[in-house]
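Shared between the two complexes below is chain A, which pairs with chain B and chain C, respectively.
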Partner chain A sequence: MKDRELKDALKAYAGTPDPFRKDAFIRSVAEKEKRKRATIPAQIFVQARYIRVYAWLTAVVIVLLPLFEASVKFAPLFKVAADVMPFLAGLGVIEAMRAEAHNMAELEQTTLLSAKSAFFARMILIGAAQFAAILAAAALFSKGEAGSMLTAGINLILPHCVTNILCFVLERTKFGRENVWSCFAVAAGVFLLKLIVETTAASFTPDNSLLLLLTAVLIVIEIVEFKKTVNTEELSWN
Partner chain B sequence: MELIADRLTKQYGSKIAVDRMSFELKKGVIGLLGANGAGKTTLMRMMCGILSPTSGELSYNGLSVTSEEYRNVLGYLPQDFGYYPEFTGKDFLMYFCALKGLDKKAAKARCAELLDLVGLKDVAGVKVKKYSGGMKQRLGIAQALINRPEVLILDEPTAGLDPKERVRFRNLIEELGKESIVVLSTHIVSDVEHIADRIIMMKSGQIIWQGSWKESDGSLEDFYLKEFE
Partner chain C sequence: MDIEQYYDKIYRYIFYKVNNRALAEDLTQETFLKFLKSECEEPERFLYTIARNLCIDEYRRIKPMTVEDEEALNVSYEFEDDLVTRQAIHEALERLEPEDREMVVLRFVNDEPIAEIARICKMSRFAVYRRLKEAKAKLKELLERGNG
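Now for the complex of A and B:
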């Protein structure tokens, strides 16, 4: 008897198991096995596959800008990079909050890898990609010179940080959760604020150490706000 | 297999959505009946560990409902759920398989099995946005069954189903109740009248009646309406 025939004969003899009894059996066997642990690296690995390409591409574009500037000698590209920072940050938060926008958060919350860790993993991935892109762009714009690299880095990170902080605060409100795209309004607001500051304080050149301190403080605030957003109890009375 | 609630309360500002509810649920189908705003959804969300109670406790076989071990045996279908627009039915299930800790090989096999069970095998590759309401609901059920749950919580699962699908769904729930704790909330009495091993009626966040209706004569609907008068 050939393998195929044997398989068919066995199938015909045993029949298909009842799916519900089968589930109960598998469950009883699985109980004896070591349960799979939900770890943050596991969640990061899962979420990396589901973050949309544009989220990665926008980070890549930031790195490409200085390269483009070097080839065409188009000086204002650094300003362009600094101007798009709020929008880059806003897009990152929108992508990380995607489950909210598509009403998937409640379902995700009851899985082994829970929604809190899903949002955490998405934000860590996107944040890391954007942060790496900013550092690379700062290095490329300043052509590796330490002093101007610091200035370039601060100029790029500051609007990014401010936008992220405001977006996290907004996303913890009912309005923010129901209107995830409002992060774009926040980004536009920060962009306008940046323009106003640049126009009104054009002659003022702040000390780099002061700006570095401000950036450090903002990064700490950003981490705190991120943590608060991860731990928000999202559901309320209907 | 025992899900225990002890003086469970949830308060939103001045509104008490669930008011000192205590019960012990065992294997079988439990029908949670109540009008809109009775606190069913809040109770179910607490049972899933996604809302923390203001006071009181909920545990399953001694495990906290917020524990990873509990989530590992929990299946949940919320009242409203969405999907990422680019997802096909299969993608949707594969995503939740990944979130429920299944590896790729096991996930593929489980997806095929579940899509067959809920009758969506032929449309597995079609985008979810093209599904009818009933098909989406069946996909939601399939998602809840991925991890072979011991506790299955279904919030208004029959909403949007046509009468034929409703009957098919009832049969499915009845089968699931033989091996798991199935809690099913609805405000449509006929959804649970014949399949629930136990009925819990809720009003203003409290249990106003609970018991089995299977051996009772008379219409549960009449009784329900009388209780809510």
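Now for the complex of A and C:
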């Protein structure tokens, strides 16, 4: 008896499993695994590993700025932090949309999580990191004083919110989807707008409650625009 | 993990231990469910370990079935020759040491590499190679002389 004959005889003895039962089992397991992986915390955990280091580092830099306050005057460093905000927001959107930037969107759309979930998870992570950095920076700049902390927070969040809203609107257009890096142009635009407002209305000091209301409205608009952008991902797939 | 890739291998491995198609399929599926719960990174070795443990549990629970038992469960074979060959293989395998039988199944049925078998059976590669050679010779001899 040759080795080949022995192998064939042994394999034939065991036969093959029932294909219908096997297929049904594989399908049911795949479905269970999909449900397990499709939860929001699981998606966020998966995407956290794929966000590039610079996205985290830019948030850390904002927190580090107030720490150099002792060596430099308060006002310029705070102004630097506020001026950087549009670019920080723009970077966040670019990082979240990076599948588009690298022409990998179609590939991401075919994955288990879907492009919609991946974009949602990445934006939530980057947004949370940047928001925490802004809060920490505001607290450090104001040295814990409630009044000045609110002013500092509003001054930092306002340009961030405006940039994010405009970037979301832009990313939903055909041009925006084809040119993800155009978010930098939006950031530069907001930065210039901020400079113009600061120079033309230097003498005007708005009431904190008015600014707080404006910030709240902008945050609501930002959430709506974010939701629309997430849904656009799904629409483009469908 | 791609279940499809391992399903048939685990099924055959279990079938050679329990000698019952329906039971082998049940235990195969249980093996994968246990493996998925464990979230282990090394599928091949752990699938075999889980399958082996499940078979041991099954042995303790019920007496393993023979080819005749399976026939009683209305498993039909087209040709009488096929049944005779199956009976001969079953009896020849029964005469091997359990460890040798396991290595034969892993090597000749599932085409596992020697290094992998050594890891599954916790033996040196040389020992696996030597025992496989002896088991193969014995199996051939038994089959050629009709299990005399």
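The rule we apply is simple: the second predicted complex is superposed on the first by the 190 of 238 C-alpha atoms of A that agree within 3 Å, B and C clash if a C-alpha of one lies under 4 Å from a C-alpha of the other, contacts with A are read in each partner's own complex, and residues count from 1 in each chain.
Everything that follows uses one rule, which is that a contact is a pair of C-beta atoms (placed from the backbone, for glycine too) under 8 Å apart; a residue touches a chain by one contact, two chains touch by 3 or more.
Keep in mind it's a predicted model, so treat the numbers as computed, not measured.
Of the two partner chains placed by superposition, A:174 touches none, neither chain B nor chain C. More residues of chain A are touched by B (comparison of chain B with chain C). When the two structures are aligned on the shared chain, A:46 is found in touch with chain B, with no touch to chain C. In the superposition on chain A, A:4 makes contact with neither chain B nor chain C. Applying the stated contact rule after C-alpha superposition, one finds that A:98 touches chain B and leaves chain C untouched. Contact with chain B, but none with chain C, is seen for A:118 once the two complexes are overlaid on the shared chain. Residue overlap on chain A between the chain B contacts of one complex and the chain C contacts of the other covers 21, 26, 30.
Residues 19-21, 23-24, 26-27, 30, 35-38, 42, 46, 49-50, 98, 102-104, 106-114, 118, 233, 235-238 of chain A are the ones that touch chain B when the two sit in their complex.
Listed in rising order, the residues of chain B touching chain A in the complex are 12-13, 15, 17, 37, 41-42, 45, 48-52, 68-69, 71-76, 78, 80-85, 95-96, 98-101, 113, 117, 143, 145, 147-148, 150, 175-176, 178-179.
Residue ranges of chain C in contact with chain A, taken from their complex: 3-4, 7-8, 11-12, 15-16, 21, 24-25, 28-29, 32-33, 36, 85-86, 89-90, 104-105, 108-109, 136, 139-140, 143-144. Within the complex formed with chain C, the chain A residues making contact are 1, 3, 6-7, 9-18, 21-22, 25-26, 29-30, 33.
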